[in-house]
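Take a look at this one; I'll ask things after.
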Amino acid sequence: MSSPILSIENLNVSFKTSKGIVKANEDVSLQIREGEILGLIGETGCGKTTLGKAILRLLSGKAKLEGKIMYRDKDLLTLPEKEMRLLRGKEIGIILQNPSACLNPVLSTGKQIAEIYRYHEIMGKKEAEKKAGEMLELVGISSSRGCDYPHQFSGGMLQRVMVAIGLAIRPGLLIADEPTKGLDPDTKLQIAELIVGLVRKENASMLLITHDLELAGRLADRISVMYAGEIVEMGMAEEIISSPKHPYTLDLLRSLPGKGFGTVSGHPPSLVSPPSGCRYHQRCRFRFEACSLAHPALRELEGERFIRCLLSEKGRRKETAAQPLLTLQPVLRCSEEGIWRC
Amino acid sequence: MTDVIEKTEITEKAYLAEKRPDLEEFGKNKLAVSGLMLIAVLCILALFAPEIAPHDPFAQKLDRRLLSPSSEYPFGTDELGRCIFSRVIYGTRISLGIGLLVVAVTSVAGTAIGLTSGYRGGLLDEVLMRGVDIVMAFPNIILALLIAGLLGPGFSSVVLALAFTQWPAYARLVRGQALSLRKRAFVEAARALRPSGFYIMRKHILPNCMEPIIVLGTLEIAHVIIFASALSFLGLGIQPPVPEWGSMLKAGIPYLRTAPHLTFFPGLMIIFTVFAFNFAGDGLRDSLGQPADQEVLAR
Amino acid sequence: IGEDKEGTAQGAGSGGSSQELVVGLGSDVSSWYLDTFAAGDARFVWSQVYETLVRLDSDLNITQGLAESWQTPDNGKTWIFHLRENVTFHDGTPFDADSVVFSYSNQSYVRQAVLKPVQSVEAIDNYTVKFVLAKPMPLPYYLTHVAWPVMGPGCLDSEGNFVKPVGTGPFKFETQTKDQEIVLTRNEAYWGEKSLLDKVTFKVVPEAATRVIALETGEVDMIIKVPEYDVKRLEAEEGIQIHRKLTTFTDFLQFNCDKSPFNDTRVRQSIAYAIDTESLVNEVLEGIGEPAGGRPYSPVMMYSDPDLETYTQDLDKAKALLEEAGWKDSDGDGIRDKDGKSLHVTLVVSKGVWAARHNPMAQVVQGTLREIGMNLEIQVLDEGAINKLESTGDFGMILRSGYFVWGPYPKHFFVHHSASPYSHYHNETYDQLVNEADMTVDVQEQEELYHSLQAFVIEEVPAYYLVHEEKVVATGSSVKGYTISSEDPWLNLSGVYLERK
Amino acid sequence: MALLKVENLKKYYYSGLFKKEIHRAVDGVSFDIGRGETLGLVGKSGCGKSTLGRTVLKLLDPTSGSIFFDGQDISGLKGSDLKNLGTRMQIIFQNPESCLNPRMRIYDAIAEPLRLHRLFERDEERGRIQELIEAVSLSEELLFRYPRELSGGQLQRVAIARVLGMKPEFIVADEPTSMLDPLVQAQILFLLKKLQTEYRISFLFISHDMRVVEWMSDKVALMEGGKIIGFR
Amino acid sequence: MWEYIAKRLAMVSIVIAGVTLVAFSAMYLAPGDPAEVIALARYGQDLSAGQIETLREAEGLDAPVHVQYLIWIGHLLRLDFGKSLVTSEDVLVEILQKLPATVELAVASLLISLLIALPAGILSALRKNTLLDNSCMFVSLVGVSVPNFWLGLLLIWLFALTLHMLPSFGYGSLKHFVLPAITLGTSLAAVTARLTRASLLEVMGQEYIVAARARGLDERTVLFRHALKNALLPVVTFAGMQFGYLLGGTVIVETIFSWPGIGKLLVDSIFARDFSMIQGCVLFIAVLFSLSSLAVDILYAVLDPRIRYDRRD
């Protein structure tokens, strides 16, 4: 097992708002190993983006960060801004979630890609623009559109431009925040393959934040599941997808359109005043009294499997997830058969 | 699903409290509060000038000309032996009046025109902006002469003359912002609600281009006060010996080297006023609902 | 772009021993020809280039100019001038009777204004000219003014368009850069005493404060029209010399005698008693000038009556006169009233070069008149607006700087003459006195007439005369040999030379 | 009769500062949607789906073609003529992160259409907003934040709540669940479906998830290069 | 865009017509008989009524206002600007003589103002609420509150008299530019700096700035490539307006520094009711203003590609 390239220890991120303090990440610990793809899935608003941005210290001044984020041997939270800047983009890249807001409206997309080359690899204008054009082609946009401005692009195209920017100089660690959302199946596949292909080729690592469980299951080596600011389950991708142990993961998988479209009643919890005990207890089908009282800790099970659930502590796990809900078969087949195609 | 999900309720209290955080934020902003306090001081000076001023602002004592500040004359005396302190205090009435009135009128009118022009675009934009060009291309004195000719002298013609020359600045500034803002996605989203153009301008465009308006408005006060004194020689109203800061400054110019206090104190009052309104303006801007400022990165 | 050596404050000062005088001027010369009046400071430059037939010495006595002698055979209707010989214009053409005829016969301005009574100008021989007038008048006095000098025919091209200034003066016109500078060089062929200066440069510096600083920095050697409030300070400064001399001009308050309240002589007299012209001079004008106390013209003028009894401040008398005229403070607000109308009058002050001096004067007048119960409103207006008020009669008083003053000759009395477009006073006796005085050539008679006119003005107060203006010239340390003269435009540079360190 | 009928609709973009370029984003599209029906719209990224959706709503002026809504040709209407369509046809934008006024709190953003069209009295308004945010599974604490302070998925649901508040008859849903996790997505989709049957709402449903589109739609149109190349 | 520029250039004539018409009528509405004022300026105080009437007829001042205006337009179409009513100098020649000085001063002061304002505004935005920001704010507030005439004299006093570094007046060499340009530049700079700061603060809070930082770009690149272009819109507007206004000349500064510019020429002509000169000046100023306003509008489109003028979709 290779050493971790990034290790987050007990990270707490909170925002101050007029309605109280939003605890967007609570006691998050995870590790990304050299050459590993870690999938991060979870409920919307549970703090995935926050985690991704926290690594690069891109959160607004209102955010309060505690804990440790070790990149190789540097603690990113105490690193001087100057050194941080050297890491950003070059060593740790990020594909941000909201392309329409993250692209500068007054610079042509080509320029926005080219500037990375010009800045980080110090090449001439011509050369950089040529490389930017290549990058655009790579994500399926004709390079002639490089001189167009963001407002002239479609949503999916902007998303791909963001990917192009994130991949431009092949960082050692890539944080990809929903890199394939808003893409049609073909394109999605192509982009996913592109990203993973490049990451693997460079033996880089990646934190893949996504709502697309199938994608996560297929691409990631390991998966972390977040709920309400906490990591609730973590383990090898295949295992998580095929035999989820946390009730939330289970419910998540059941809600897939192809898997029954099952919903769970109740709302995502407030991050200002999270529910007592287990944060999922109100919606959990397997809850029992203790769930509302005791806040479960993240426990390591066998085989690098972590879980934050009282059930697992009590050894009642077997009852819960007897049937694998989502096997990886169809996903793995997808590229050959193309079930993504309509 | 028997568990009671804590029913969140937007209670009356919470709602009201949240609807007014702007004021609260304003209150928390020390600068803004001090700005308001300075404005209050100015207003008090204007209202109670007769009570505050130690001397008659018009009383000349030719044997006590150009005295330096002393306990009897806190700001000294001017070239005709008048108490500068008293004149400065009385001057608050006129200078502040003109400054406030002109800035209020022009910023509102100019903003309205700029918004309309920028948001609606097309022919209307062309017409309005050519109008702005015409007004701006005018040397101010010609306009002032015109107004003097039409209205005769008086406080109102000063205000009108100044207002007429100053509004285009706001119009142009706001139009530029509006041109850009109208293409933003959130404006299109608002348009999908099919409100009137006026509504979009008021609710969506205006709040997003308040900053330059506030900056210009709060700084314009000084400009207006000084400019007002320049108009006085056209017979537009404020005539000597009426104390007015701009004119006092001007009258003190010959003594710039021998008795600098003649220009210093009226100048100080203008600066004071500008500070007051800038502080308050900054506070206003912060309470306009500023999206979280992201420029400081968290550690 | 001009020479860089003058680009700094020291530039002019380091010019070595060259005799190049730099003079700071308030306004540019916009006209060099007789068809328009040499307005503003133009006359200072004109007087270096052009000369007149008759001149005034530094004490305003009439002396020879380009004419050596003159006589009137018929008590002022015809004047014969005998011209100086061996004088040449700057372009080399000789000065003779023809050039005098050229200058005084065909010029629209001269013909229509001051010299309107001149019917014809003829050359009797090469060096004798005859002026025939419509009515008797003391023509030589009128001809002393540099605004209508003798110009060479070379001023015009063959089509009658003005090309360049050609005069007979001690300096020749060299170049002019609009609103920046005028350069004159010494006229080597000057008939009189040649100037010691090689070159005179007039720099146009409209702002008085800048002009003063330019003198202090040495960028200019000499400035004219030094503001009153700077005189004391400059006097104390090392190297700078202040030259002062009483001028022929007198500031006055002109009343609108056609309308209440100033149609009442007592009201006008009351104002005369109220205003303390002495403190005006001493306090407002920093002691520059001489209090007039109602005297219509300066002591340096011809026929100025040395025994004239002028006004001194007497507030009680002023109040009594108002009471007598029916103005009483019946409602106790401190402002007098009569027939329900309160005593409220306007004082018009012109904007422009005089404003700096007139504004405080007007305010002092305002303050004083308040003490006798008169409410004065000051209006600072431009010339056009003042004209309008004059024609509508919509004013009470106008504060004017002296005008209608040509040399020492008291033409000024025409100001209150009914025929004058600016008169707001209509009195037959006065008109008659003025006409008579102007048509008389006999010195004795004239003096008497003018003395009685002065007494009349003191008594009747068609205007209240405030201050006899004093002119102030300041020179830098290197200027030597300058004496100030009373002659308008008082910039006699003969004998001036430079001694630079 | 179809609620919405689109005939030969074209929308060209013109760009370039000094030299003109024409981009045919929608190039002759015809379809109709009945009351209570959903037309799914799928196609490759950049094929013109969003443009079509925005043009149908007249947020973009069509280059040519006609749009009939409830029997009325709205393609030529301007400004105030469209006003009464405000609550009847609506759109859920593809990019929620930039379609909310950055200076408007979430509460006001959701309340805006209600106030604008006087759908509720002021005192009912709060109750209504309460309902709306609950329906889209948002918590109350978000209401008084600015858009910047919400996560992508939360913003997307705000955009949905805002539109649903008006109870429109026709909604263009441009990838309305692209940023939601499957659990919430399912909730939202059920909600839409429920509302559709309750109020006979019609949808033009743009999505890339075939299973979602199929689940939602009565008919699916496939778009390519600005044209509809087939229905299913 | 070409189309738009052509349209705008055509529009300039409308602006000119408007400006000159109003200027013409304004001068007539202004108190005072123009013939009399002109006669006074031409002939001095010793005037006769006949002289005024002759002048009125000779200069066509007896015709009704609109006729005079049309005549003037007629001449203008033949590129005849007429002669000054006071000095009989050719209006065009006079204006062309003064224009370079005005344009030079305008450019210089605009440059100075931007040179001060942009760095000051940017720095105080970047260091918001620090000592630096506060002192920038303090200086700029003092800057706007100080009138030109005061500052101008103070600078002369300091740099010409006390330090002997610069000439106190005049036009010509580079040194002559410094004081007038600083006098004008600083008062403009104050507003521009504050605008820059406010606008930049707003932009620096945008998501794409975070995104730019995420790419590892250093603050300089983020600022100059990403933030500034977005923030410049109001600054460009204001600077454009000020430039137009400076091209109209500034009487006070021109007077203080004996700068032979168009501003003083115009004001003098106004007081002398020198119609042909006023009209000439106003016309030039209007053209210059229209051009600067066109330039600003084009700059908008360059700065923000979403703003395009020829077609509105």
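Lettered A, B, C, D and E in written order, each chain numbered from 1.
As a convention for this text, a contact is a pair of C-beta atoms (placed from the backbone, for glycine too) under 8 Å apart; a residue touches a chain by one contact, two chains touch by 3 or more.
Remember, it's a predicted structure, so these values are computed and weren't measured experimentally.
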Review point. Suppose you hop from subunit A to any chain it touches, then on again the same way; how many hops at least until you reach subunit C?
Key: 2
Practice item. State the pair with the higher C-beta contact count; candidates are B-E and B-C. Key: B-E
Review point. In terms of CA centroid distance, which chain is the most far removed from subunit A?
Key: C
Review point. In whole angstrom, what separates the CA-based centres of subunit B and subunit D?
Key: 43
Revision key, fill the gap. Between the Cα centroids of subunit C and subunit E the separation in whole angstrom comes to 37
Check your understanding: Per the centroid of Cα atoms for each chain, what is the distance between subunit A and subunit E, given in Å?
Key -> 55
Check your understanding: Taking each chain's centre as the mean of its CA atoms, how far is subunit C from subunit D in angstrom?
Key -> 84
Exercise for review: List, in ascending order, every residue of subunit D touching at least 2 other chains.
Suggested key: 13, 15, 95, 97-98, 139-141, 144, 148-149
Review point. Can you list the residues of subunit B that touch 2 or more other chains?
Key: 8, 18, 21, 148, 183-185, 235, 253, 256-257, 290-297
Check your understanding: Which subunit E residues reach two or more other chains?
Key -> 30-31, 153, 157, 206-207, 210, 213, 304-306
Revision key, fill the gap. So, in the complex, the side of subunit B touching subunit D is made of residues 8-10, 15, 18, 21, 184-186, 188-197, 199, 203-204, 207-208, 288-292, 294
Review point. Which subunit A residues qualify as touching subunit E in the complex?
Key: 53, 56, 58, 85-90, 93-94, 96, 98, 101-108, 115-116, 119-120, 149, 151, 165
Exercise for review: Write out the stretch or stretches of subunit C touching subunit E in their complex.
Suggested key: 1-4, 6-11, 30-31, 35-37, 39, 109, 112-114, 116, 147, 177-180, 203-207, 209-210, 213-214, 216-217, 219, 351-352, 381-389, 391, 403-404, 421-422
Exercise for review: Name, in rising order, each residue of subunit C that touches subunit B in their complex.
Suggested key: 209, 227, 229-230, 233, 279, 283-284, 351, 355-356, 359-360, 362-364, 366-367, 370, 377-382, 385
Point to revise | Contacting residues of subunit E [partner subunit C, same complex] | key: 30-34, 36-37, 40-51, 54, 86-89, 94, 97-98, 153, 156-157, 160-161, 164-176, 255-258, 260, 264-265, 271-273
